[in-house]
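Take a look at the following structure, please.
So that you can tell them apart, the chains are marked A, B, C, D, E and F in the order they are listed, and the count of residues begins at 1 in each.
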Amino acid sequence: MKLIIAYVKPFKLEDVKLALRGLGVSGMSVGEIRGFGRQSGQTEVYRGAEYQVEFVPKSRLEVVVDDDLAEPAVEAIQGAARTGEIGDGKVIVVTVDDVLRIRTGERGGDAL
Amino acid sequence: MKLIIAYVKPFKLEDVKLALRGLGVSGMSVGEIRGFGRQSGQTEVYRGAEYQVEFVPKSRLEVVVDDDLAEPAVEAIQGAARTGEIGDGKVIVVTVDDVLRIRTGERGGDAL
Amino acid sequence: MKLIIAYVKPFKLEDVKLALRGLGVSGMSVGEIRGFGRQSGQTEVYRGAEYQVEFVPKSRLEVVVDDDLAEPAVEAIQGAARTGEIGDGKVIVVTVDDVLRIRTGERGGDAL
Amino acid sequence: MSAGDVAWVLTASALVLFMTPGLALFYGGMVRSKNVLNMLMKNFFTISIVTVVWVLFGYTLAFGTDAAGVVGGLDHLGLRDVEGEALLFMVFQMMFAIITPALISGAVAERMRFGAWVLFTTLWAALVYPLVAHWGFHPEGFLFAWGVRDFAGGLVVHINAGVAALAVVFVLGPRRGFGREAIRPHSLPLTLLGTGILWLGWFGFNAGSALAADGVAVNAFVTTQIGASLAALGWVTAEWRRTGKPTTLGAASGAVAGLVAITPGAGFVTPLAAMVIGLAAGVLCFWAVSLKFRLGYDDSLDVVGVHLVGGVVGSVLLGVLASSEVNAGVTDGLLFGGSAFFLKQVVAVVVVMAFSFVASYLLARVVEATIGLRASEREEIEGLDITLHEERAYVVGE
Amino acid sequence: MSAGDVAWVLTASALVLFMTPGLALFYGGMVRSKNVLNMLMKNFFTISIVTVVWVLFGYTLAFGTDAAGVVGGLDHLGLRDVEGEALLFMVFQMMFAIITPALISGAVAERMRFGAWVLFTTLWAALVYPLVAHWGFHPEGFLFAWGVRDFAGGLVVHINAGVAALAVVFVLGPRRGFGREAIRPHSLPLTLLGTGILWLGWFGFNAGSALAADGVAVNAFVTTQIGASLAALGWVTAEWRRTGKPTTLGAASGAVAGLVAITPGAGFVTPLAAMVIGLAAGVLCFWAVSLKFRLGYDDSLDVVGVHLVGGVVGSVLLGVLASSEVNAGVTDGLLFGGSAFFLKQVVAVVVVMAFSFVASYLLARVVEATIGLRASEREEIEGLDITLHEERAYVVGE
Amino acid sequence: MSAGDVAWVLTASALVLFMTPGLALFYGGMVRSKNVLNMLMKNFFTISIVTVVWVLFGYTLAFGTDAAGVVGGLDHLGLRDVEGEALLFMVFQMMFAIITPALISGAVAERMRFGAWVLFTTLWAALVYPLVAHWGFHPEGFLFAWGVRDFAGGLVVHINAGVAALAVVFVLGPRRGFGREAIRPHSLPLTLLGTGILWLGWFGFNAGSALAADGVAVNAFVTTQIGASLAALGWVTAEWRRTGKPTTLGAASGAVAGLVAITPGAGFVTPLAAMVIGLAAGVLCFWAVSLKFRLGYDDSLDVVGVHLVGGVVGSVLLGVLASSEVNAGVTDGLLFGGSAFFLKQVVAVVVVMAFSFVASYLLARVVEATIGLRASEREEIEGLDITLHEERAYVVGE
């Protein structure tokens, strides 16, 4: 199994979720992070002076999928999160040793 | 070494912590996430109309342990976080290449 | 490629960022977590009684780097985040199967 | 006026001014966190805009020497010859002229540009409000002269603003996602705080409209308290029965609906009549705020459902419950045989709604045609605070 | 009453009404974020409930023609024959009848069901408050007639509410985790805001109780300011010495404790005496709020420690420091040789405590036996806002 | 004084007291979340400190029998023989004595220790404020006697506090990171709420300074409303032109700048003159707040840019626009041929600035030399709330 971590533009999260659902992905976990990268942060004004916020708010989603679903999921995420502008984000794939569903104790694929 | 990631119901976090302490796990890191899955979110009312929040707030904990402690830790988490209801959450195990304690520069098991 | 996860004291984040930039690391993702470990939390007063907060707020950063940059990055983080006091935090290294840049679809090193 | 009367009207004026920041918080809590500053700013800046307009010519258009019952003359341009008691009356009325357009900001929340708001408010405060104020408040305004009564602004303030809100919303269109996703208040405590401030200020609004510290002021004070309380009770009870849950937003909205509904009659009806008006307003406005979903217009923070509907309920029920015993300045309502007065109230409601709707609709079109009304899609998605004001409401962890 | 007196009592009434939203924020900031809306709602809704009860029969039970010194007659049922100055007095007193039960909400925070609160408050406002108000405020109430004095509600409001809070807490039981984990305020800025509003409103509460804009009002105004300031000073100094840290919650609680303690004597003692009362209240209440941990009752937001203890301190010290020179309406206190008056004050404190405790305890039992008092474990864990009101106080990042 | 006058001054006193919590929120919203409680605490505790100082000897030093035009005698030590109207005047003036040092807290935000603040404020309230108040407000104070006029505290309150802020900042030094990183407000809604409260309170501040409910009070009320509105308009317009963005912080700061600037002349100038003063203050203060970055002193929340500059603008423009027609108590300004009066106003500004700067600088040095002024680096980094008060402003998710 694979753990897919993706940083996406917050307003794209909705689309990404739908795309993953489309693949039959049952669930996911989402947090907020401050992203640093090529995309420059928002300009803000304070006391008549403009300055740039260093980071960009991004949504960070984690989804565990079976190996065969990994590639389709990555592509689904890209398709849904893409705007073509700098700052669209990254998708990271990591191998998972094991997954367990707390409620039932099921392991591996059954836990998803 | 293993990195264990678990999504649990927030009010179970306390018990999970105690269970891990019981195993001699020295520390952990906890964040908040929005969980999407089988469990349906809370109902809210707005202007006389009821609707369901799509996500469920969950606590996400990360704990790094030595290989031999991994399985016991996973079981401890399950035991402590389980309510038997949908939405109890998942436990994910990932292999760690290396760990370092910033203060001392210790590596591997000593870093924990 | 490697995914480096580090828990550091929030006020050290700035230095860590600069250190990584120094290595030519193009970006990173930062979140806030509650840290449990040896370092004891802040004392607070409520109604004339003092008590200790169990956790310590920490910054959690994630950075993906090419294999050859992993070790230098880990050392850079340690160098920048170290105060020598308990609670300086940990650095965790995990192997990444693949990375993708959403905007361009580039994979692997090019995606960074 | 005795020093006591002056003391009370000064106090009342201060309390009414305080209502606009209160309204800003009431509305600000109901929008999403990315738009709260824009909401606050629209209200605070309206104070500045209307103060200037009112001083320069708004006051004289409303309260200058009457011309054909329609508008005031220019004799008080730039406050010429406005001194002493007249100056006090001018500033008390100024506070009404300020909050009326401010009320509209709730309907256009989260999508109307700030610049467009500034232009629209300036025009509205200059061309619409003074006329309606003249008709309803000036002794020779055609509605007042005809016998219509509006103690503290049911017609002039609430119906006027409520129907204007509806007109602007038609031009502006709904927020992205309206109807599909639930757009939730980002801070109900802020909204409750605003409610408390509005309730406080409304005592100045209604009891101050007696322009004296006398029995009429006391009666208006008491009916105001009763109207607000009963409407909150009515609204919460209604929603409790429908959804099984009493909500804080319901309690807050109900209180405001009651304050709106008692405004036209505060000095003209008995405390017990105020119970009826409050209860009716609470139940009817609760029902009214659900209309927008069914009819599909995005009156974002329910200016129509609360101020227009509440104002109509109050103005019409005044036609029923007005008592010349409470106040010799009004003729008896339907209940006491005054069918004529009742009809006049209904006609007045229709007249003000018609005029204000058309005028506001045209002004909105003018603004749209000139500088544009609506924020871009990107601005709306990222939020008006950061895109239009380059500020962030909340910065934590620094 | 001159127009000046009416102006002041109208202003004071508005300020006292504003205290209840202020109290809502003061309490709301002290609870956890999952329960803040429930806290606000309990307070706001209490305004509605008590307004109805007071208008219908509460007022006449308290201030109707005296029956045996115990209760008022039904001559003013539904405000019959309550006009002019009497109407003004009615609404000023209404605000006291509202905030008194609202004070209790702080003790039962985070676990009492909303429905149970509604029922309890209705019963309490109908059966307990009017009686105590009659005894302490009505010229023929047995305590007042006997010579006991309570300028603005030390007995009638604060001791009454404080002891009722204790009684209800006994029936309700502690919050989960009370004593084990520290249950921290979720927003101290909200609490400080509430403190500011309470302080403002208290000028109306105390100086308004003179029912005139005269020297007594001025004296009450000054002693109120001094009492609050000295108590904040005393509380913060005491905790600074004990814990080494001065806290904002301490400053806020101290100020309120001082306002409570000066309430019974505001119009009866000199400014310097007010310094003594304030200082004593600050130090003693700081000590008192720690009792709940030792004795193990969960008076969640310290209604007992602040209002009961503060009220007792103030009422008893009034027995010591009352000066007939300041106000001919009171007899000299112990310090000036008035031992009789001192004893009467002590007796009055005991009487009110005994009655209010028993009555409140019984009412709480009745509610428990009928619809139940307490939220379920799940509701308490997940929070009353989402489970009882299906609302969330703060929604960020949308 | 008639009951009406008493009613108004009581109301005004309550409103002015409310300004200090308002200021606490205004400032509290502008600091980082780790320092907000310290900011609130400094303001609230100042109320306690100054109340004690003022009652014991501050009042008599300011308003006791004049000695050589420089200071008041000790005849009213501990409020001896201060009764009735004098007692009312005492408490109204007390509120001014409270908010003046509180204003300074904005300049030293986020780095001055709480203990140091307590000591400094005590000394300043005892030694600096009473003198300046005597000079400007006491009939025999040398400035007043010479013909200088300061209606409600442009010199005594704002210039005095603003220049003191500058002096303390010189001793204290800048915050870590000042100039390098942008230190952003953590909650602008809190700041806007504070602005609303300040605006409300300012009606008491200025119109209350007439000490009667008369025409002068009305004029002051109107000019206050106009000054605030125009300055907000001026500030926002200026920044809109410079940065292309109108900000809520700009609107809030502009309103306060206008309230400051109109303070010295509120009862002495016409409404139209108030427009000029407000507009000038808005534009000039907007320009002034950018100075600190260029000159490198860390006046954290712009006490100098808003209160000092605004106070100077208002006091000097009063020298130009004062009209004896508006108020017989003032001589005509430059515009009406009163060059003498203009010069006196300028001299008074210089005198107060010189004295207050030197005195405040010395007091700051004394505190630094004794208990130390500044928080440690660790305290500053981790935040003053948790390190000095062991409290956290916001605790979410519990």
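FYI, a contact is a pair of C-beta atoms (placed from the backbone, for glycine too) under 8 Å apart; a residue touches a chain by one contact, two chains touch by 3 or more.
Just so it is clear, the structure is predicted and the values come from calculations on it, not from any experiment.
Colleague: Identify which chain pair among B-E, B-D or A-D reproduces the interface of C-E, meaning that over half of its contact pairs, matched by residue number, are the same.
Modeller: Repeated interface of C-E: B-D.
Colleague: When chain D meets its copy chain F, do both sides use mostly the same residue numbers (more than half shared) or mostly different ones?
Modeller: Shared-number fraction below one half, so different.
Colleague: How many angstrom lie between the centres of chain B and chain F, each centre taken as the mean Cα position?
Modeller: Chain centroid spacing, chain B to chain F, equals 52 Å.
Colleague: Where the centres are mean C-alpha positions, what is the separation of chain D from chain E, in Å?
Modeller: Averaging C-alpha atoms per chain gives centres 33 Å apart.
Colleague: What positions in chain F touch 2 or more of the other chains?
Modeller: In chain F, residues 2-5, 7-8, 11, 15, 184-185, 187, 193, 197, 213, 243, 245, 247, 249, 389-392, 394, 397 touch at least two other chains, as defined above.
Colleague: Do you know which chain A residues sit against two or more other chains?
Modeller: Touching at least two other chains: 31-32, 44-45, 50, 94-95.
Colleague: Please name which positions on chain A make contact with chain C in the complex.
Modeller: That would be residues 2, 5-8, 31-38, 55, 58, 60, 74, 77-78, 81-95 of chain A.
Colleague: With touch defined as at the start, can you tell me which chain D residues reach chain A in the complex?
Modeller: Against chain A, chain D makes touches at 381-382, 386, 389-392.
Colleague: For chain F, which residues are in contact with chain E within the complex?
Modeller: Chain F reaches chain E through residues 2-8, 10-11, 13-15, 17-18, 20-22, 24-25, 28, 36-37, 40-41, 44-45, 47-49, 51-52, 55, 78-79, 83-85, 87-88, 90-91, 94, 114, 187, 190, 193, 197, 213, 388-398.
Colleague: So in the complex, which bits of chain A are touching chain F?
Modeller: 44-51
Colleague: Under the stated contact criterion, what part of chain C meets chain F in this complex?
Modeller: Listed in rising order, the residues of chain C that touch chain F are 11, 42-46, 50.
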